[in-house]
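First comes the structure, then the notes that go with it.
Here the chain labels run A, B, C, D and E in written order, and each chain numbers its own residues starting at 1.
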Amino acid sequence: MSAHPILQARGLVKRYGRVTALDNADFDLYPGEILAVIGDNGAGKSSLIKALSGAVQPDEGEILLDGKPVHFSSPLQAQDAGIATVYQTLALSPALSIVDNMFVGRELRKPGFMGQYLRQLDKPAMRAFAREKLSELGLMTIQNIDQQVETLSGGQRQGVAVARAAAFGSKVIILDEPTAALGVKESRRVLELILDVRSRGIPIVLISHNMPHVFEVADRIHIHRLGRRLCTIDPKEHSMSDAVAYMTGAKEPGDKAA
Amino acid sequence: MTQSAPKGQSFEHDLEKSDKRVASFEAHSKGGLHRLQHILHGNPTLVPVIVLLVSVAVFGLIAGGKFFSAFNLTLIMQQVSIIGILAAAQSLIILTAGIDLSVAAIMVLMSVIAGNLAVYSGWPAPIALLVAFVGGTVAGLMNGLLVTKVKLPPFITTLGTWSIFYALNLWLSGAQSIRSQDIDANAPLLKFFGEALSFGGARITYGSILMIAIFGVLWYMLNHTAWGRHVYAVGDDKEAAELAGIRTDRTLLSVYMLAGFVCSIAAWASIGRVGSISPQSFYEGNLQSITAVVVGGISLFGGRGSILGALFGALIVGVFQSGLRLSNVDVLWQVFAIGWLIIIAVAIDQWIRKVSA
Amino acid sequence: ADVGACLITKTDTNPFFVKMKEGATAKAKEMGIQLSTFAGKIDGDVETQIAAVESCIAAGAKGILITPSDSRALAPAVTQARENGLLVIALDTPFEPPETADATFATDNFLAGELIGQWAAAKMGDTSGAKIAMLDLNASEISVDYLRNNGFLQGFGVDIKDPKDIGDEDDPRIVGNDVTNGNEEGGRTAMENLLQKDPGVNVVYTINEPAAAGAYEALKAVGLENQALIVSVDGGCPGVQNVKDGVIGATSMQFPLLMASKGIEAIAAFAADGTKPANTEGLDFFNTGVELVTDEPVEGIPSITSEEALKRCWG
Amino acid sequence: MSAHPILQARGLVKRYGRVTALDNADFDLYPGEILAVIGDNGAGKSSLIKALSGAVQPDEGEILLDGKPVHFSSPLQAQDAGIATVYQTLALSPALSIVDNMFVGRELRKPGFMGQYLRQLDKPAMRAFAREKLSELGLMTIQNIDQQVETLSGGQRQGVAVARAAAFGSKVIILDEPTAALGVKESRRVLELILDVRSRGIPIVLISHNMPHVFEVADRIHIHRLGRRLCTIDPKEHSMSDAVAYMTGAKEPGDKAA
Amino acid sequence: MTQSAPKGQSFEHDLEKSDKRVASFEAHSKGGLHRLQHILHGNPTLVPVIVLLVSVAVFGLIAGGKFFSAFNLTLIMQQVSIIGILAAAQSLIILTAGIDLSVAAIMVLMSVIAGNLAVYSGWPAPIALLVAFVGGTVAGLMNGLLVTKVKLPPFITTLGTWSIFYALNLWLSGAQSIRSQDIDANAPLLKFFGEALSFGGARITYGSILMIAIFGVLWYMLNHTAWGRHVYAVGDDKEAAELAGIRTDRTLLSVYMLAGFVCSIAAWASIGRVGSISPQSFYEGNLQSITAVVVGGISLFGGRGSILGALFGALIVGVFQSGLRLSNVDVLWQVFAIGWLIIIAVAIDQWIRKVSA
């Protein structure tokens, strides 16, 4: 593990009315690793990654990218900084095509006059690129890249969202329960994709309730509890039972936490 | 079928020891404005009540005793009563996430029908009214069928039926009002809701009482019967309501029919209020009833808000109009002020709902 | 200024009523009367006018000047006001029956129509080849609408059948009726539509001068502006200017300012000693008069020129 | 296993435009059993249970309850016949309270005049009953039974939906992926509830992508593939690998299918 | 960091052999009506085109040659042009799942402003128009800020601003029209769009050409630029669009401003069309523009439909009105027929979209 975290958070606080979703949460992601984030329902995992990806603004605390403080006031800013996120809700536009969804916010324009002055989109280039990315993910059972996303099954949609993140995340990719609604086969594909992305050197944050999956792919596990990081453990040194016990409050972590 | 108590997967043994908290709750001590926001958030119906009281107070200061007289305050009730009853019907539709551009058109059409039958065709007034009630309900049914069976959006349905009812109204009435004297002579019952209880300077018409009674009954139905819960559920999420076992189409139909029926009661009340039967009146009543509902804090997205809000909304608009008139504000600027009233009232409502930080 | 008076007009968007308001305001200021003004939002907005009458009662005004949006529907409210001791004067539009109000200061709208009808007929000479386009107000056919319409037709020499109905005539010279909403856009569209039915239209009756201006534009667009005589009612300054410019052949001028200032005077008198205004002899209203305005006078019909009219427009 | 299925379907067909979601599907549920239904994403599992519970009308085929043909034209009719379902989307009304959601469509009325003629709801009785059911499920961390459902976490919502089904399903309870969004602890609770319901003699249909859960609780496993039942297997005689292989088409089931 | 390739859980080894099909697709051969439904489902913009052609054909039969003349067909274009341009602005808003009740009010206000400056204050016409363009954009900005920053529903926002703009319009104009002759004398440029190309009987005004050009430009922007994709995405699901990296508030603001700007172009065109500047015209223009949009098949729920639909919708309404008049139908029954047109057009659209079985 290299010495300097690529993405860091210190003392994040986020309140929704009377609920404190994040209560002084810390977070560290190191280059090239897969970091799993686990925790009970409502522990604040999604709130944490929303804060990291600019989808919500924390009330307190700071976020550092490559050691420099950053302030994302919208998901777009985080994406421009190289942080791509697959949210629990997927964030796809049902009536738009697969291509349009993949490129939303980062459309390619035609070269030359049409693109520069008339801002015309380069649809063929976007189609070719989207097809390539989806094939990499083994998702080319999709016959038509111009199909509306609402005509896809839940698993296929998840695939499109993951492909989008994998294609555009240059620094960090964050996945919030990417396999929750997926079948055995489809989940496997996503896990393979995660490992593949890691092998390209891009670090990944994976939120999941599936312990076998987490222990299979994670390099480190961040255990979130009651709105804050309880500890970070090494899956090779801790058992699933330990992780579950810490996460649910059945056991207190020793000082062995990584 | 017999099987020993399961243990689950290996990593799950320690679960019994886990604690039961889910997320922490904290009470923040914040400034006065935030406290107010929190209190109102808990009791959203209070918002229009407060706005109402504040506007009464403000206009009392500006327009002075004229405004504050018992006569004027009961007058506002009278003036508001028809739009208020329409707003009650409108609230029902809006609670189901619809919108009804045809309420006033149904009302006027039914008053014309009742008047034609009772005054010109010599039918007994109760029968003429009965025909109007049935007519209003059928008009509502037509809206309801277009919404549930043909699956048209309510906005489009009622934009269409508005034109249809309006044309029928002009056709039946020949665009001629029925004179007050003719009604008095042939069917005084039609003007029942124009009569009033007077004491001191106050003059409370039966029409004002009717409005309050209608709100009372609908409030009871919405909050204390299964039907009412279904109306809210359908407005909240129609698909979920259907899956949970509500006959959503039947509920929607009943709402549209009831709204049509309430419009036909408004038709009766409007004869008392106006004194005659005027086919051209209340042309803007559709939008005015929507204004009352939104000023009263009922969400246009359905499923949220108390029908009593519409009553207060109607009163707020009435107080504004009366106050502005008595303060000698030009009509032009009255229109201007009502525009801002709508925006500001709903903005306050949004602020109250957005409790955070 | 202890004496309060109210002016309630049909709308605040019609220049005719705006003028009326100006006249009343000026007169009230002069006489030291506190004037409140009200108006419906659109033509036929009965309920706003009723509320206005009630507010006047509540405000303790001495008198009300009103142009009823519906001459029947407003009767009960007005009766209530009179019972409360207010003087009620109908302006421009009489009540049905006229005795509903204490007095009526009005133009005879039927006469106004009749004058332009007679003028148009005289101007044509032989009316057998007339092709008449009737540009009315709107689908509701309110009283001004049918009075002017039928007045015109009567003056022109058409059998009007029911004097309260528009479009029930069967005279073949009438090309058709269409509605204008009393504005230029409606006037233009209506004229275009009637030209479609018969491009030979040579007489155009319009409910008011804005509609006439719109009709003229439609004719001009197809180069037929010299083929048709346009007549109108109102006598607003822009309308008179249009007579001068040859857009409108003749218009019947009314006097809203006069109506309003007379009304204010009447209220002042009533407040002072309780006298109520009297009607013009032989009529059930106080006639504030109609003048035919045209630069092409015809024999037997008294008229004034646009030059003269411009000095008095809506006086 | 008793001889006569309580709920049966024969030759169900359901088409959505050009997609055939159910293609001659059969289904059998025996009294007192937990039947798991597994299959790939888009195999038609949800469509099957929607047809069984009256939420969609099949284009062809018949459904038998207690051996008698039934035709449910709305979910209400199925509920009245004793079939309670927790849909994948939960079917809760966010703005209504927990109590209102539990009783929607089956409200209790006050006894006597108020209830009979004025149709007044018996709110105290409904509150007491709801509290009892939720406590049974161990869900009484909910402080206020009149809380709006939208203020609950995903896990708590799932709990309310399951409690509603458990309370009102007198003949059959159907659960479509009830643990998909749940954490380890919350999933465990739901599984316990399922076993508890079975011990009361009520049969359960459980759709899940979680193989360990399925093999832990199911008495029989219905494998759904390409819109039809491929086979039914006994979890004690088949391994998870077999099930996954059949369901994904990697292996063909032998004639050993139960 | 090094780790051998994972095998997954024990039960997953055989996954590689699994087949790739997900659900089966079948082509059903169905009756002609169903075939038609399927074809139209694939090309929803065809629907209004077909309705348009059918209504032209039907009225051609009923009203005969008068209707079918080049003159009449180009006249319909002229008559439709202003509502058509407003419908273009309205479509933009409706595509974002909003609704704009203030389009016509903005247009009239801007025509009054341009007219006052150019005719009465003697400003050069181009400058006066520029002020109107800026004014329209600012009016749109005001709507947009209320929708995005104060988070009011668009219906309420524009219900409020409608009153506000209307009051300002009456105040600035004193309810007086500016005469055609005065415009000709002082600022003929204002009437530019009233001029026409004539050949044969046809008379194509620059205003009609402008309408088509505006639709063309907006169509290009919506379908071939990133901004257009964002507009659809925001209308489809605002929250998803935000998370996907669209600055939704900025997109919405740009849409409202553009709509306001288009309304101010409509203001210029309306001076040419009407000839004079009339503060009382187009009172019903807001609802008429909505009618054109929904008849053209654009969903009120946002994100679906082509802006060209609004053009055809406006033309359909124009053809209906012209055809009914030429068939000597009373105004009353025209209102009635338009009501049914709205309902039937949208019902057909719903039927097309619901392809099943």
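Rule of thumb we're sticking to: a contact is a pair of C-beta atoms (placed from the backbone, for glycine too) under 8 Å apart; a residue touches a chain by one contact, two chains touch by 3 or more.
All figures in this text were calculated on a predicted structure; none of them were measured in a lab.
Q: Kindly list the shared contact partners of subunit B and subunit C, in label order.
A: Touches both subunit B and subunit C: E.
Q: Which chain pair shares more contacting C-beta pairs: A-E, or D-E?
A: A-E
Q: Copy of A-E's interface among B-D, A-B or D-E, judged by over half the contact pairs being the same?
A: Duplicate interface of A-E: B-D.
Q: For subunit B and subunit D, let me know how many angstrom lie between their CA-based centres, rounded off.
A: Result: the chain centres lie 39 Å from each other.
Q: When the centre of a chain is set as the mean of its C-alpha atoms, what distance in Å lies between subunit C and subunit E?
A: Taking the average C-alpha coordinate of subunit C and of subunit E, the gap between them is 37 Å.
Q: Please report how many Å separate the Cα centroid of subunit A from that of subunit C, as a whole number.
A: Inter-chain centre distance comes to 72 Å.
Q: What whole-number Å value describes the gap between the mean CA coordinates of subunit A and subunit D?
A: The separation of the two C-alpha centroids amounts to 31 Å.
Q: Which residue numbers or ranges of subunit C touch two or more of the other chains?
A: In subunit C, the residues touching two or more other chains are 12, 42, 139.
Q: Which residues of subunit B are in contact with two or more other chains?
A: Within subunit B, residues 9, 11-12, 15, 18, 21-23, 167, 170, 332, 335 contact more than one other chain.
Q: Which subunit A residues sit where two or more other chains touch them?
A: Answer for subunit A, listing residues that touch two or more other chains: 40-43, 153, 155-156, 184-185, 211-212, 244, 248.
Q: Where on subunit E is subunit D touching in the complex?
A: Those residues of subunit E that touch subunit D are 9-19, 21-28, 355-357.
Q: Which residues of subunit A touch subunit D once you look at their complex with the stated criterion?
A: 39-43, 153-156, 177, 180-187, 209-212, 244, 247-248
Q: Which residues of subunit D touch subunit E in the complex?
A: Those residues of subunit D that touch subunit E are 15-21, 23, 40-44, 59, 211, 226-227, 239-241, 243-245, 248-251.
Q: Sort out for me which residues of subunit A touch subunit E in the complex.
A: 1, 32-33, 55, 74-76, 79, 85, 87, 89-96, 100-101, 103-107, 109, 118-121, 141, 153, 155-156, 184-185, 188, 191, 195, 212, 216-217, 219
Q: Which of the residues in subunit E come into contact with subunit B in the complex?
A: 99, 146, 150-153, 155-157, 159-164, 166-168, 170-171, 287, 290-291, 294, 300-301, 332-333, 335-336, 338-343, 346-347, 350, 354
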